[in-house]
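Chain lettering (A, B, C, D, E and F) follows the sequence in which the chains are written, and residue indices restart at 1 in each chain.
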Amino acid sequence: GEVFDKEIYQDNSLAGVVTGLAWTSVGGEILFIEASISRGKGKLTLSGQLGDVMKESAMTAISYLKSQAESLNIDHRVFDQYDLHIHVPAGAVPKDGPSAGITMLTAIASVYTQRKVRSRLAMTGEITLRGKVMPVGGIKEKILAAKRAGIDDIILCKRNMRDIEEIDESYLKGVQFHFVDHVSEVLDIALLKETVAHPVKFTFDNEASKSREN
Amino acid sequence: GEVFDKEIYQDNSLAGVVTGLAWTSVGGEILFIEASISRGKGKLTLSGQLGDVMKESAMTAISYLKSQAESLNIDHRVFDQYDLHIHVPAGAVPKDGPSAGITMLTAIASVYTQRKVRSRLAMTGEITLRGKVMPVGGIKEKILAAKRAGIDDIILCKRNMRDIEEIDESYLKGVQFHFVDHVSEVLDIALLKETVAHPVKFTFDNEASKSREN
Amino acid sequence: GEVFDKEIYQDNSLAGVVTGLAWTSVGGEILFIEASISRGKGKLTLSGQLGDVMKESAMTAISYLKSQAESLNIDHRVFDQYDLHIHVPAGAVPKDGPSAGITMLTAIASVYTQRKVRSRLAMTGEITLRGKVMPVGGIKEKILAAKRAGIDDIILCKRNMRDIEEIDESYLKGVQFHFVDHVSEVLDIALLKETVAHPVKFTFDNEASKSREN
Amino acid sequence: GEVFDKEIYQDNSLAGVVTGLAWTSVGGEILFIEASISRGKGKLTLSGQLGDVMKESAMTAISYLKSQAESLNIDHRVFDQYDLHIHVPAGAVPKDGPSAGITMLTAIASVYTQRKVRSRLAMTGEITLRGKVMPVGGIKEKILAAKRAGIDDIILCKRNMRDIEEIDESYLKGVQFHFVDHVSEVLDIALLKETVAHPVKFTFDNEASKSREN
Amino acid sequence: GEVFDKEIYQDNSLAGVVTGLAWTSVGGEILFIEASISRGKGKLTLSGQLGDVMKESAMTAISYLKSQAESLNIDHRVFDQYDLHIHVPAGAVPKDGPSAGITMLTAIASVYTQRKVRSRLAMTGEITLRGKVMPVGGIKEKILAAKRAGIDDIILCKRNMRDIEEIDESYLKGVQFHFVDHVSEVLDIALLKETVAHPVKFTFDNEASKSREN
Amino acid sequence: GEVFDKEIYQDNSLAGVVTGLAWTSVGGEILFIEASISRGKGKLTLSGQLGDVMKESAMTAISYLKSQAESLNIDHRVFDQYDLHIHVPAGAVPKDGPSAGITMLTAIASVYTQRKVRSRLAMTGEITLRGKVMPVGGIKEKILAAKRAGIDDIILCKRNMRDIEEIDESYLKGVQFHFVDHVSEVLDIALLKETVAHPVKFTFDNEASKSREN
């Protein structure tokens, strides 16, 4: 029954790694979204046998962050002068669906800002291009998996509140839920103010960063 | 029976978001076309599991707007110096067909002009490259869905008038219909003169915007 | 039985729109080829669910026009500095075959020259790269459809004359036939000397238009 | 039974048009290879529903001509500064196989040199990258088709001589055969010294044609 | 039963060649990952009939090394100014799966640093983008194959320790196991401080290596 | 039974043409690998209906030669400023497998060095990226085909020696075998010191060949 990477929550020492919640026919599991950057030309690489819907979620997350770069203190040149790679272990397990949307968005925001991700946090929810968070399925199984993995905080779409109400309260003890409507709320909860230790020091090509005027 | 995003009409605070009407075997629904831009090189991204016909509708809408940029007060450099992303939630639901043509065109026009979209407005109709609006199917189901969602104004092709006449009048109460032949009429009805709050401030690369002469 | 856009002939106020004749298992229909240009880099977009043969017809038409640009008074820079979009409504109807060759060629020639297209004219015929016009099928059904749509002039390949002879004369009344061997004859008949109202004013990038010498 | 373009030999007034011989289950036919150039960046377009093997033949022909440009008096800049289109009517008929190799090579050589093609000449034979001519099938049917079409001279591979010997001599009357081993012999026979009337006047971009040294 | 290249361990005279362990239905085998570089533009070539998962492993390995280039003393310009080719013999045998992750990462690190690979070493383990090493299957068969091939040291994921405990100790004699959590440990064990004889002398294009600032 | 080009060995007057040995269900045959270059930008073209494995062999051969350019006296600029085409007649016969590896490598080395290929020589063997030669199948049939074709020298992998020992000695008379481990041995045997008559005179673009420093 091991579909995703079954181990417990790990740590938040690295920027760009966020814990998601997956749901398969054999139950819930936590999974890790890993985002990494390196100097380049804005190339995007997706790996981990991601399906079409999940790839589109990643692209939607990136477009949202690009259009909100200023308010997130992200230098816009990073999108053209760094390559971005998003990987979802385990490498041989096919994955699809929109429910990793907020998790991918948070991982990308963390790697571009080098801000630390809140510890023992997991999340699940679809995103839209304007930043709405939409409800997803498998909530009960996902919550059980999060508890087994040692998660303390879970972010869900407000419209998934009804799914929580159907779960026996004993299963919910010790987990704090954060119900959100918009990804700005997700980032407020998930990204700490402090940067990770040894953050990437972004550098930019002078010539390419010439001024634009209106 | 939830195929598209079933909630009610939302609001018109953002540029680039327009309400469309969809029709499936289980009835009508409203759907949202979301258009977003960010500094770039004119790349187009389409997401939301769109089929070939719907992707071609988007390309036709863009070509129409490019050829009419001047009359719409769109600076032509925006097409080369900004990337455009069009997303149609829900992300996992396959969508196809030409009937979102006028909705996509309006969303793109709104995001490039930053003009506000009329509130509580929905629309459905195919476009052609010269701007003609063509009739589409499922009118009855779409109208019922629009009413459920709180829509006040609906734009339809003139050639869909006959479909309206077959609907019992009690279903039509409280909705105003706008029958059009051409997308210029659609934009006149759908786009307000005022811009959204906090509009995108377009900036352009000096070097790339060198003059052209004839 | 509505396969293509069934309405009557429209008008010739726009450059780049030419009426073709299609033939399906349910009879003949008129269809419109729409060509549109906008500032760009010579990109070609084809839409309307066109099949491989029809796409190749479009490419053959473009190559012919490029090689004959001088004699048609087309500034060669237009091919590199403008994008071309060809759309064939209705957007959801798959279309294929070589018989729209002369219609596409005329639409493209009109949009590049901004010359008006003769009113109430329709045409059908395959083209080859050296400009030959070749015969096509479904002539009888196509002519009936043209008459229904209010067409006055029809251009056909000379080798389709035999097909006309088999049609009862009563069906041919009021339509004038133009039998041609070469696309230069097609353009002579189809393109008026006058330009459309409000023609596109072509502008060119100075740097890219540097002189070439032999 | 009309598979290819059934008419008779046409004329040799245009550069880049060469008569080939095809063989299908319903007999032999002549076909025309049309090559056309226009100012561009060295793009190659192939049309006429050509299969993989036939496309590779075209690429092999081009590579041969590029490597022999100097001896054929072709300015090497033409390969980078002009686009090449090869079309084989009829546009809707799928075609494949290597036997049009020498015909395509001759058409391309004619269009790049603007030399006239010998009148009433047809040919069939595979080429290899070093210029060898290899034997092909269907010789008897192809010869009958050539005769019907009014062809006077036929170029064949030397190793196809045995196929000729099996044909009744009455069928061969009035046709002169040229048996060759190498494409240089093909070009010597097929290309006249004179250029066509109104040859393309090649022009080159100064900047791109900078000198190379060893 | 010969699926991979069955011979014994070879030598470590070349940078970029690392011994992996594969497992098929007919037992374990050693295989060689070969990485090679040459001046270029950062192109990646993968060969040896690698499946999607294995290709993604290679891309993940490269992204990890790019993001850690500084700490590994790799000049970042090498990623843009050299091409990288990864080949896995035998060329006709399809291969897939994530278990060559650490082997590919080590081969690439060796070729970019020109550091010698520890002799008589083999390894198997999946990598993730943040450098975690994950457990893989077929451990018993892989170890037997390594012993037959003359391997002295084997690197495995810590979470594969339990698989070792189930193997009869007599099979383990003479092989030293290194259990790791992170690829930094893999590189510490596998890459010697010394470079190979006749290392590649990297050269860089001056213009392209212009400074970047923050 | 004619699968490949059945004629006898030809000659070695051209650089870039090397004789290989193929093996099909109907016996062995010789085949010719043809490599050709022309001024360009480093584009690679493969033709002759080559399968994936054979295409990867070609890419592996090229990468090996690029990484060994200096020791083979190949100016590295040739890889960026010349296009390479590899064709394997007959054009319509699908071919696959890794056994043409050393033949392709030798053909490419000959065309880049313009060195003559030893006359009446044939070879078969897989290559790896580090230059190892690996054994291949069908040795007996291949040797018989080589003898029929007038071949005097055959290069094989050392690990194919055992296959020779099983052949009746009468079949081996008059053929000299060269058993090798590494492609450097292949090139030593196959490439003569002298260049072909009328060798290509390589020229290079000054601007692009700017110096690199470390």
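By our rule, a residue touches a chain if its C-beta (ideal position, glycine included) is under 8 Å from a C-beta of that chain, and two chains touch if they have at least 3 such contacts.
The structure presented is a predicted model; accordingly, all values stated were derived computationally and were not measured.
Shared contacts of subunit B and subunit F, meaning chains that touch the two of them, come down to nothing at all. In terms of the stated touch criterion, subunit C and subunit D have no partners in common.
Greatest centre-to-centre distance from subunit C is found for E, with centres as Cα means. Look at where the CA atoms of subunit D average out and do the same for subunit E: the two points lie 51 Å apart. Multi-chain contact residues of subunit B, defined as those touching 2 or more other chains: none present. Taken together, the touching pairs link the chains into one ring where each has two partners. Think of the chains as beads on a loop: from subunit B toward subunit C, the beads read B, C, D, F, E, A. Residues 52-53, 56-57, 59-60, 63-64, 66-67, 69, 76, 79, 97-98, 101, 126, 128-130, 132, 134, 210-214 of subunit D are the ones that touch subunit F when the two sit in their complex. Looking at the complex, you find that subunit C touches subunit B at residues 5, 14, 16-17, 32, 34-40, 45, 47-49, 81, 83, 85-87, 89-92, 200-207.
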